[in-house]
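Can you read through this structure? Questions will come right after.
Per-chain residue numbering starts at 1, and chain names A, B and C are given in the order in which the chains are listed.
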């Protein structure tokens, strides 16, 4: 089989250039979708019959929570590819994912606890979703801690990749155990996303936000990836050409 | 060609071969022998466990009714931390003197050898903790009838802890100050063990059936046995690169 | 089996930002010893670790009996013995116990074999002593005894003569010579030349 196209695709100068070209194609749609989704969600959508205007935080909370998991999956898949095929660019992708995912996780935690104030009367409730989200944050912190603790980039890449794969196997187990634990101690929570009949005026902005956040992630990932490639290839000669005006 | 000394492997390979299980058994024996040459270090996790359980009556209240309610959480938190304490040394000496290198180049399954190391860690910390946990539980007001349940849950749960911990220990190999990072890596992955273990202990203390959470702990231990040595072996190889 | 069991093709290795090995190619026959020389940091240790498969090279491959060793790394490992800077011995075990565990993981071992190997390496009285109490030179002799016991056709030695007195160095030379006479292949990274007792030496000079 001819693998030249594959190696060309994965070569740092090509990745650097390609990521730069692709970024606007994700960033602009993301900005439009998020602006539209926010307007639709915060202005156009009717207040919830139970939660009033308080529910509107869902337009930031749900997409953040969704992305926090999605980014972890992406990171683990990239890490596995890097481990199995020894692809350096895949490791760079995984390394770029972590801070973005951790930021989404923090956003989900903050909005979740803000939401908790009107719903439960406290900023923190040991709700299974929020608890799992908090543990996910620790998984991200562990991943980044391991990367920064290992000085050799190659070793940091491969060791953190093992951790990401181990983490992804554990995420469902952790979530299951936390849900199980919660069912022992508490009545089911008020906060739910899966109500059967969400009116379209509420649902459409939410979907726009979900898609917008996903595109935002891709745009951020591409930008971070360029930085990551530059750092890793700082000794290479192509960089001088790429950066010269 | 002949020369004094032993012949080269190919000629006598079949007669001399050591199976993967045989190699793992020797590796286990080696770790146990070494541990018993340094008995002082063996006692440390146990003493740590005892002193952490002692902190709670002093910090909260000596009332047995309140302590009994807290006992499962106290026991499991202390067991988790004690198991973690011994992990930092799981691979350290072996990495330093080149034993890990020899394991990786032994032609034997590194996964099997990693399993042996986790087994040694469990025999040296998990099992003693399981035997000591009832004493701690009794001092926290648990009834004598709960002893069997507590021993069983700590014994099974600590198997999973030793295995999960071996991954973290292998990943942080060669770092100068790995203690805090090791906890950050290992604790989130250990939470399911804590949850099911504390629940089993709680039910045992309340005199109810604790089989369901115990089975879940068993499932975690089985999953750990199948996957953790693989991950630890991969991590050790990476540390040798 | 060919007469050139070990073949290295176009090996490229980067350590961090340094291009350590640049297209290294060589073959090595049975009964020959390759002496790898070069200043500190020239990649002697990296080369040995790459040959035995601990380090994955950026490019190139290592062949044993005509087959890429990556195909079945474990089978290749069963044929080689690697001795790093530090002898892989535990201070809290006796020399005999150390060998029983280290070598025993790889092959069955009788007590008689063990004692004979220790005696041959000039460490006959050390068997029952804790390695902690042995001198650096004695430890290296114990490690060399273990190496001989492994009975494999490929030795990779990193500075085998460090910490040894003149007698010890001579002994390393004799052990290598015996191993070569059995038809084995030896690669040694050294600072100073190997003792004269070693026949059939080929040279490889690594640049800094």
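Keep in mind that, in the parts below, a residue touches a chain if its C-beta (ideal position, glycine included) is under 8 Å from a C-beta of that chain, and two chains touch if they have at least 3 such contacts.
Just so it is clear, the structure is predicted and the values come from calculations on it, not from any experiment.
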| item | value |
| --- | --- |
| Number of steps on the shortest touching-chain route linking chain A and chain C | 1 |
| Per-chain Cα centre nearest the global Cα centre, belonging to chain | B |
| Pair joined by the larger number of C-beta contacts - A-B, B-C | B-C |
| Chain centre separation (chain A, chain C; CA means) in Å | 48 |
| Intercentroid distance (Cα basis), chain B paired with chain A, Å | 33 |
| Rounded Å distance between chain B and chain C, as computed from the means of their C-alpha atoms | 34 |
| Contacts with 2+ other chains: residues of chain B | 241 |
| Multi-chain contact residues (two or more partners), chain A | 154 |
| Residues of chain C touching at least two other chains | 56 |
| Contacting residues of chain C [partner chain B, same complex] | 49, 52-56, 74-82, 84-90, 92-93, 97, 100-102, 104-108, 113, 116-117, 120, 148-153, 178, 181-184 |
| Complex interface listing, chain B residues touching chain C | 1-10, 12-13, 15-18, 23, 26-27, 29-30, 33-34, 37-38, 93, 96-99, 101-109, 113, 237, 240-241 |
| Residues of chain A that touch chain B when the two form their complex | 83, 135, 138-139, 141-142, 145-146, 149-150, 154-155, 158-159, 162-163, 165-167, 169-170, 173-174, 176-178, 180-181, 184 |
| Interface residues, chain A side, partner chain C - complex | 86, 152-154, 235 |
| In the complex, chain C residues that touch chain A | 16-17, 56 |
